[in-house]
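First chain written, first letter: the chains are A, B, C and D, and each begins at residue 1.
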Amino acid sequence: MIERSIGKKIWAFAAGHIPLHSKGKEPAFTSHDKIAVLNIGDKEAKISIKIFNGDCEPVDFKLLTVASRRIRKIRFNDLINPLPIPLDKPFGFLIISDVEVLIQFSRADTSQRALTGFCVTPLSR
Amino acid sequence: MIERSIGKKIWAFAAGHIPLHSKGKEPAFTSHDKIAVLNIGDKEAKISIKIFNGDCEPVDFKLLTVASRRIRKIRFNDLINPLPIPLDKPFGFLIISDVEVLIQFSRADTSQRALTGFCVTPLSR
Amino acid sequence: MIERSIGKKIWAFAAGHIPLHSKGKEPAFTSHDKIAVLNIGDKEAKISIKIFNGDCEPVDFKLLTVASRRIRKIRFNDLINPLPIPLDKPFGFLIISDVEVLIQFSRADTSQRALTGFCVTPLSR
Amino acid sequence: MIERSIGKKIWAFAAGHIPLHSKGKEPAFTSHDKIAVLNIGDKEAKISIKIFNGDCEPVDFKLLTVASRRIRKIRFNDLINPLPIPLDKPFGFLIISDVEVLIQFSRADTSQRALTGFCVTPLSR
């Protein structure tokens, strides 16, 4: 019981950025920003993602799902519907789920010197 | 007194991943995901860990303990009962303690270019 | 509606530091500390930044704006009014916005070995 | 006014670790764990630090101060009273301030491959 109420329905992040270049074997070392979504509940989660840009209006992406009691990683590189996220430009995003989930954000930038980091999400409610 | 009430009993993380390859001296430079558990209270903490996967049901691991007023680091690579966590696959986890503890998560990926990070935990209550 | 109330008006950070040296192509690999500001609301955000130092009084910088439904990245290297932030010295900062925003902090230090990290903000209200 | 009430009096961290080896120029590239303390208030902050270990009782360090409206970085390598923190061993810590402060934790490990990270503090109240 107690486990079901963990998580949030709304998550937001400000510091998105997909680097232009990558080095190393594909796809593990492709530069990317990604989120990991953990759904510990008994119902499938329906996830909507809205991308905010520096110089144009926000874009709403096609709904994604995360099965009950499962983890799913989503690379922003793979979000191409309605259109791909431009490389090498800052973006922010807002994620809304119909059930409570846990989301963590991480980045790997292999373009030159492994400017890399891993982090967990801060902004939710 | 005030110190005893710090911490949480439930912790959750979404972005677990144990890399397939390592470089450097063992075991310090083995690629790993790990958690550090700080128990500042007067009672031993009993910790249960549930691992969530991308493609199968969650797995409950054997109970671990952290002594009173002690720190303990736990590598996910070392969790092998009932079975090891698959390498190179995403996982999430839920940690439940019988007393309040502090937990932080960190990763070292030495497989190619030190895609590495250190972070502290966000999700708790 | 629900989206408009996400975020905070006050943000603070303790671990600012602009490295003295950089390697790699300018400006992507210039060592820097930066913040990403996400304004998901319908009103332009007016942002004031106060820098705290180790050895002298705090400095208030010129007001910045972030347009409605936009992301903006701000490098501390670029804050030069009333004066640049000294290189290689610790600083902290306080950011106050007239509307609710999301702020994340990140660092890239390319001076020697890519002592680098990416992180999200913790301190807000 | 609003600025004075930002921060917490109690901070705790679980994942402390000072690497055994360093590479690069001293002291900037000495491997270290450190905290940055931001005191935005009008009163000097008196900070007590208690270190928790894996295999022995906690140790209380000599009181430190952070001046009003100032930032101060503290390397755990420099904590030597009553005794230095052992290298290459896990430790946790509890920090108690008499006034509200902001604390962030960061690590630089230059011992082999720049297993490095930067992060902000999670656990407070």
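Keep this in mind: a contact is a pair of C-beta atoms (placed from the backbone, for glycine too) under 8 Å apart; a residue touches a chain by one contact, two chains touch by 3 or more.
If you're wondering where the values come from, they're calculated on a predicted model, not measured in any experiment.
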Farthest chain (mean CA position) relative to chain D: A
Fitted rotation between chain B and its twin chain D in degrees, CA, nearest 5: 90
For chain A paired with chain C, centre-to-centre distance based on mean C-alpha positions, whole Å: 22
Euclidean distance of C-alpha centroids - chain B vs chain C, Å: 31
Contacts with two or more other chains, residues of chain C listed in rising order: 105, 114, 116-122
Of all residues in chain C, those that touch chain A in their complex: 2-3, 6-7, 23-25, 29, 36-38, 40, 69-73, 102-106, 108, 110, 114, 116-122
For the chain C and chain D complex, residues of the former touching the latter: 10, 12-16, 52-55, 57-58, 90-92, 94, 96, 105, 107, 112-123, 125
